[in-house]
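Alright, structures below, take your time with them.
In the two complexes below, subunit A is the common chain; its partner is subunit B in one and subunit C in the other.
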Partner chain A sequence: MIQAKNLNKIYKIKMKKHIWNRSEIQYKEAVHDISMDIEKGKIVGLLGVNGAGKTTTIKMLSTMISPSSGTIHVDDIDAVKFPFHAKKIINLITGGERNIYWRLSARENLEYFGSLYGLTKTELKKRIDYCLSIVNLTKNADIPVEKYSKGMKQRLQIARGLINNPSYIFLDEPTLGIDILMAKELREYIKRITVEENKGVLLTTHYIAEADELCNYIYVINNGKIVSEGTANDLKKLYTSNYCLNFIFDCYNKSLFDDIAKLENIIKIELNPELHSIKLISKENLIKKIIQLSSNYKCNINQIKTEDSLEASLMQILKVGNSHA
Partner chain B sequence: MKPVFLTAKAVTLKNRIITNRAYPLSSFTERVVGSIFSIIFPVFIYYFIFNCHISESFTKHANTMDYLTYIVLGQSVNIIAVSTLMSVGRCMITEIREGTLDNFLLSPASRIGYFLGSYVEQFLRSMLEFSLVLLVGITLGARIPAEKVPIIALFIIFMSLVCFCMAILISTIMVFTKDTYITQNTFFLLIDFICGVLFPVECLPHWLQYISQLMPLTSALKAFRNCILGNQSLQDNWILLAYSSIISIVFLAIGYCYFRKFEKKLIENIYV
Partner chain C sequence: MRNCLIICSAEVKKAHRNYFKSISNYFSLLLWPILSFFTTYYTYSSFDNYFDPDLANKTNFFTFLILGCLGHNCFWAMVQGGVMQIREERRNGALEIIYFSPANRLALLYGRALGDFIQNTWMFFIFSSIIVMLISKFTYIILFKIIGSFMVLLLTSTIWGGLINSICIATRDAGFLFTIGEPMNFFSAVKFPLKNLPFWARAISPIFPSTYCIYIIRAIFMGNSVNTIKILELLTCLSIIVAITYILTKITEIHNRKTGNLQFY
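Take a look at the complex of A and B:
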């Protein structure tokens, strides 16, 4: 288990107006008193707006930068004092295309990075074939990376992050720039290794649905502080006072649709005459009233879907957080 | 294999592939041509302007009348220094600028292995450059007896290691000041003028002589010339060689320890 306690990070930024001026030092508190646990076999999500402090947190946990204060334990290894012991069993995958050698092929890249983790030749070959097959790059393994598309480069980053078979994987926006099919496969893969190979995963993402689908536990941070935590369902319940409903009728009846649109407490409504459907977010549960109305108009309902939207609750959490700040 | 060597090997391979694919010959040619000119200029000045006259103070301090051989030896060592400093010294900052160093720092790989790897990768290249310059020098009239070849080989490996130690300090300075231009040219200037490449250190003002003793190359180069020009043996020069080794190790230790101590700050300061 990774246990982080009371992490703080204060960046020092030197500003120079002119070359002859003395530099002015500014301090930026990027992370304030964050504690979190990452258990093996679990996926933990870290959500927040741009600049909330997600990457800073991940960089501290992955021993890339040291916290200004606080402790990090990776399986009982003090990762702040002995980063080199911790480094062996963790890895970090970030979004973006840099970070790999464009002049080398995928295989050469992985051979290099694998050797940095002390893998011997035979281990390395096996592991590389495995990692390449996971991200679907086996066919293009021997082409220089500069000839890759953006998504292929991102997939290579993912293969690189798995090269040392880490016990804990940090993912900083891993699906950035990846197509939906590959992203779906990747999410399934992440889920699978978490359970089957008992790995601990920490994930940041801006795709809320992704977090909803994957994470066993979510931390929401804002301005460097944890403003809320819990399972996706906890968060939805805690903060959603809104109802999100989806109706499909068997026919389109203009007066019915008009009547529904006139109901009270609706925040947002989308009418779709072609699909005979209505999607609405309301403050009150309107199911009964709508069923009543539709039977008045003798219009059958084919489907009702209710959704809790993690997105809606996140909006609320962040609004609350900002009003405190 | 030990992790140090595993890392070194990986870095060597990686750098080799990148160099071969990126600029196979250009930098090599540039440096060889540059250093051939750096021999030709002083030699021409010596022949055509000073008409082969050298001052007494030179003869006294350099222990030789043979300015041509003197300068060929100096410049051939100079090219090893330039070559090593440009490859090993700049390796890490280049990776920072290209954004590829993060994953290295993320890994538990040996840091000294990284430097060793980049050293090994350029070793043969710098030996080749050295030999070319020496051959041109001999064609121009430098007198280097055949029986001195083994001792030259020994010296060159020693010099190359001395330059490696300097390169690590330079790499650290570059990485933490984010500057290559000033650092690199300051060192080249120091090597050219105060390490005794072109003229004996004793011709410098006193205070500069002290600074020149802080460069490990100065005493190494002096011992080299003593052995080749002055017909002394390695044993006669052991003090110079030991002194040079100690200063080199100090360079290495300062560079490496500072790097290790502030390694984590590095990622903080490259804000990407």
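Take a look at the complex of A and C:
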């Protein structure tokens, strides 16, 4: 397990002044008192807006930068004191097309990055074949990366992140800038490597739906502090005070729809006579009242859907966080 | 040790696969050094009475110049390769991923230098060797001399390259290293004998390991006895360079972990 306790990171920033004046030094606290756990076989999400402190946190956990204070343990290794020991069992996958050599083929890239972990020729061959097969790049293994599509390059990034068979993987916005089909495919890979290979994953993403779909546990970070944590459902329940309901009736009855629209505590309502449906957001749970009204008008309900939105919850969390800041 | 060898070998292979892809390489690796050599040769040949009587013999003069150019070419390749490669890797983010790994940092630096040495100098080295064999009488001794010189060049250039690479990792503004070319050419006495340098310049020469390297390979080929003191001076110079590289690498690693500077470019 990765255990981070009371992490703080303070950056020293030189403020630019006139050419002849000495630059002024300011201190910026990027991360304040963050604690988190990442278990094997689980995907942990780190959500927050730009500048919230996600990247600094992921870089501290992955030993790329040292915390100003606090401890990080990767299994039993003190990653702050012995980063080189921790580096052997972790890896980082970033979004985008950078971090790989475009003139080299996928196999050559993996050969190079695998060698940095001291893998011998035989170990490398086995591992490369395995990693390429996981991301479906075996057929294109010997083509220069510059000929790859964006999605293929991103898949190669995943293969690179798996080359040393790490116990923990840090995924920094892995679906950044790729289309929805490819993003879906990548999410499948992420799920597979987490469950089938029992890897601990820390995922940062801007896409809330992605976190909702993938993460077993979520930390929400704002202004360098963790402002909320829990499963996606916990966060939705905790922070969504409104009810989002979706009804589909077997017929359209204008009077019924009008009466529903007149109910109290409705914040927003969308009526669709063609689909015989009503979608509403209310301050109280109106299911019972609507069922009663529909039976009064002898109109059957074919489907009721209740929706919680993680995005709405996140907005609420960040709003609360900002008002306390 | 095994890991270090794996890393060095990976760096050499990567250098070949990544940077040796187009025909334009032949211009920079062979044609330009040859042109530079002939420019120097014909410039000096224009003066009937060359100021050094030891080099009055055309063969000696030719050998003297080509060995100087070869030595300079090897050391300069380290600067060019180091600055360009690391700048590119810093930009495309590969450097950050490389430093994310637990790879031995010195093995990385020396592996890169070795890769640059082999990639950037092999053609001119073969050209120079053929020229030297043609103008001297071909004997097996010449072959041993070539192998010996190659070993001296390999060792000194790689250690020098390690230092250059460590500077390039330490600062993103390592472009200033390109200004070292001409001073290195002058103080290492690439185009004239070291003894002809003025006193003040001879005092600066020992800073560059290329000075000793060029002196030794010239001594090997031109029948002069290799001065033991020069060898000791070279070893001292190389030891100091290794120590500086080691310290700089450690400081850079600590500094980058503190500031996250490796991601900037």
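Going forward, the second predicted complex is superposed on the first by the 302 of 325 C-alpha atoms of A that agree within 3 Å, B and C clash if a C-alpha of one lies under 4 Å from a C-alpha of the other, contacts with A are read in each partner's own complex, and residues count from 1 in each chain.
Keep in mind that, in the parts below, contacts are C-beta pairs under 8 Å (C-beta built on N, C-alpha and C of every residue); 3 or more make two chains touch, one makes a residue touch a chain.
All values derive from a computational prediction rather than experimental measurement.
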* Would subunit B and subunit C fit next to each other on subunit A once aligned, or clash? -> clash
* Check the residue A:218 against both partner chains and state whether it touches subunit B (first), subunit C (second), both, or neither. => neither
* What is the contact status of A:132 with respect to subunit B (first) and subunit C (second): first, second, both, or neither? -> neither
* subunit B versus subunit C as contact partner of A:11, first or second or both or neither -> both
* For A:100, decide between first (touching subunit B), second (touching subunit C), both and neither. => both
* To do: In the overlay, answer first, second, both or neither for which of subunit B and subunit C A:59 touches.
  => both
* Asked: Between subunit B and subunit C, which residues of subunit A are contacted by each of them?
  -> 11, 59, 62-66, 83-85, 87-88, 91-92, 98-101, 103-104, 108, 111-113, 115-118, 120, 160, 164
* Structure fact -> Touching subunit C in the complex, subunit A uses residues 11-12, 56, 59, 62-66, 83-85, 87-88, 91-92, 94, 98-104, 108, 111-113, 115-120, 160, 164
* Residue numbers on subunit C that touch subunit A, as the complex places them -> 2-3, 6-7, 9-10, 13-14, 17-18, 21, 92-94, 96-103, 108, 256-260, 262
* **Interface residues, subunit B side, partner subunit A - complex** => 1, 3, 6-7, 9-11, 13-14, 17-18, 21-22, 98-100, 102-109, 264-265, 267-268, 272
* Asked: What does subunit A use to touch subunit B in their complex?
  -> 11, 59, 62-66, 83-85, 87-88, 91-92, 98-101, 103-104, 108, 111-113, 115-118, 120, 144, 160, 164
